[in-house]
Structure formats: C-alpha cells, structure tokens
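All chains are identified by letter, namely A, B and C, in their written order; residue positions are counted from 1 within each chain.
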Amino acid sequence: MNNLKFSPLKKLEIILEGEHQEFVTDLLDHAGVKGYTIVNNLSGKGSQGFHEGHLMFNEDAVLNMIITAVPEHLVNPIMEGFAPFFNKHSGVVFVSDIQVTRLEKFNKN
Amino acid sequence: MNNLKFSPLKKLEIILEGEHQEFVTDLLDHAGVKGYTIVNNLSGKGSQGFHEGHLMFNEDAVLNMIITAVPEHLVNPIMEGFAPFFNKHSGVVFVSDIQVTRLEKFNKN
Amino acid sequence: MNNLKFSPLKKLEIILEGEHQEFVTDLLDHAGVKGYTIVNNLSGKGSQGFHEGHLMFNEDAVLNMIITAVPEHLVNPIMEGFAPFFNKHSGVVFVSDIQVTRLEKFNKN
C-alpha cells in the first residue's frame, strides 16, 4: 500500500487562556495553516496561579490547547507573530518534531 | 532506584471524528496495542470546515484524539491499516518519538 | 524580533487516575517545576480494563493527563520519585523532546 503520505513537520501546542484563542487561530490562518485541533477546558498552574477549569465562573478564563502541524519554515514567522502576545499574556508554546499523514490538511496549497 | 522501565517508543496521536473511533481502537487492538488514552470533545478546523465540539448537535460528530505508544515495528503496519480509512474520512495521525515508562502496558507480550 | 525565548526541554505527559493527581503535582512542585497543564476526563484502555470517562459514576476514577516541560536534569529525579507510585498504581509517563518559549514559566529560577 503506497498511498499513505508521511512528512516531517513541526507540531505546535499552544496553551493559553481561551479568551485569546482567536488571536492564535487568526494568526495561524494568515500563515496559511489549514488545520488545527483545540482541546478545551484545561486546568493549569503557572506563574499566574492555578486555573481550575471546572471551577471557573468566567467561561472565558479557562485554558485551551491549540494543536497544529506546520512545515518547518513556518515555525519562526509564526513564533515571531506570537512573541508580542506572549510578552503580555499568560501562555506557552511547545514545538516538537512529528511525522504526519494527510499532509494536505496541514500544509499550504 | 532501578525498577523504573524506560523504552523508546513511537507515540501515535490519531485525531478523527468520534463516530469512527471504534475503527481505530479495533485496529489497535488487533495490532496488539494494549493501551490507549482518548481525549474527547475536541474542536477542530480542517479542510472539512470547522468542527466546534461544544456546539455539535450530533454527539457522534465531535472529534476525539486517541493517544497510544507502540514499538517502532508496529508503526508501518498500523499506518497501512489506517490508510484506506484516511483516504475516505477526515482525520490526521501524528507520529513522534517518546520515551515511555510502564512499557508492559503498551507493548505486545 | 529577538525577544522570543526558545529552549530545549523535556515534555512529560503523565496519564493517571484523577484521584492520584495531587501526588504528581506535589512531586512536580517540590522538584521546582513551575507550570503544568491538566487535561481532565480522559478515557483510556490499559491492562486494568477500559475506563470510559463520561460513563464513570465515581468522579475520582476518571483519567487525567498532566502535561509539563522540565529541564533535562530534572527528568531522572522526577521519574525516580514517580517509580514507587507506578509500581502500585495504573498510569503511564511519556517523555519527549520539545522546544519551549516562555521558559521562565517552566524552569527553576
């Protein structure tokens, strides 16, 4: 079976307050990233104290993780787009190496 | 303390519509994979448009991520088993290198 | 833009029954780990049988995944701290290489 597509990409896992999610997804859209997956209602502890997902009264304050896979040459432009945001807001980005199938969903045309 | 087991494995993160979850877990079971973890109710955007987990009326249409760890020699057979499925259905598989403890839960006898 | 901080770290993904979550977060706190993110209400299948998150009656029995990023020199001490726990309890730890921005949230002063 030779129709399986396998390509090295960079996985970004972006964890931030849910209220700022659109800033990230808009930036990914503009960078040509076609697909991402969002894990909602995370809890987290960071320098800003403990955010307990299911005890939050303000729904906008819960944490989300946005997972996407991008070609390596997009990592730096995306990170530079995030930098001013993460200088002001709580959040973190994990970058790692992955192999991905169905590249057409994650790559620019 | 020498009783901690550490082994290099491949992590598979399989993101697909929840209604097809059993196809994947059955295939993993048949491949001898003993353990996996499922993150339910993901949102996602891909070439099929935006799937907003918490707004879905049809519970079966939300996205799930199935996380598992397998020995390297199982990656290709599993991927070849997935290929016909991903030619027809929305979804993606991320493959990455990990070190795992408690290998006995993730490896074939 | 040169103010983006990028550092190689080890990502730990610790999957265990939610009722034991505090053991892990306390150990991480004592190891000087400043931040972690928790994905709640996972389903899982392992040698202990199938744990179906949304069908659980006992809320304490669902699985959680605790995600954190630590400097490499902390991996072994943390793992050795986990070892007695994982000899008695269900769970798994995935260790992988990542690049992280906002290191100050995940590193010891």
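One rule holds in what follows: contacts are C-beta pairs under 8 Å (C-beta built on N, C-alpha and C of every residue); 3 or more make two chains touch, one makes a residue touch a chain.
Only a predicted model underlies this, so the values are computations on that prediction, with no experimental measurement involved.
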Homomeric contact subunit A-subunit B: same or different residue positions, threshold half: different
Subunit A onto subunit C, rotation angle from CA fit, given as a multiple of 5 degrees: 120
Distance from subunit B to subunit A - Cα centre to Cα centre, in angstrom: 19
Multi-partner residues of subunit B (at least 2 other chains): 39, 96-97
Contact footprint of subunit B on subunit C as seen in their complex: 15, 39, 41-47, 53-54, 63, 65, 79-80, 82-84, 86-87, 91-97
Footprint of subunit C on subunit B - complex, ascending: 1, 3-4, 6, 11, 25, 34-40, 67, 69, 96-102, 104-106
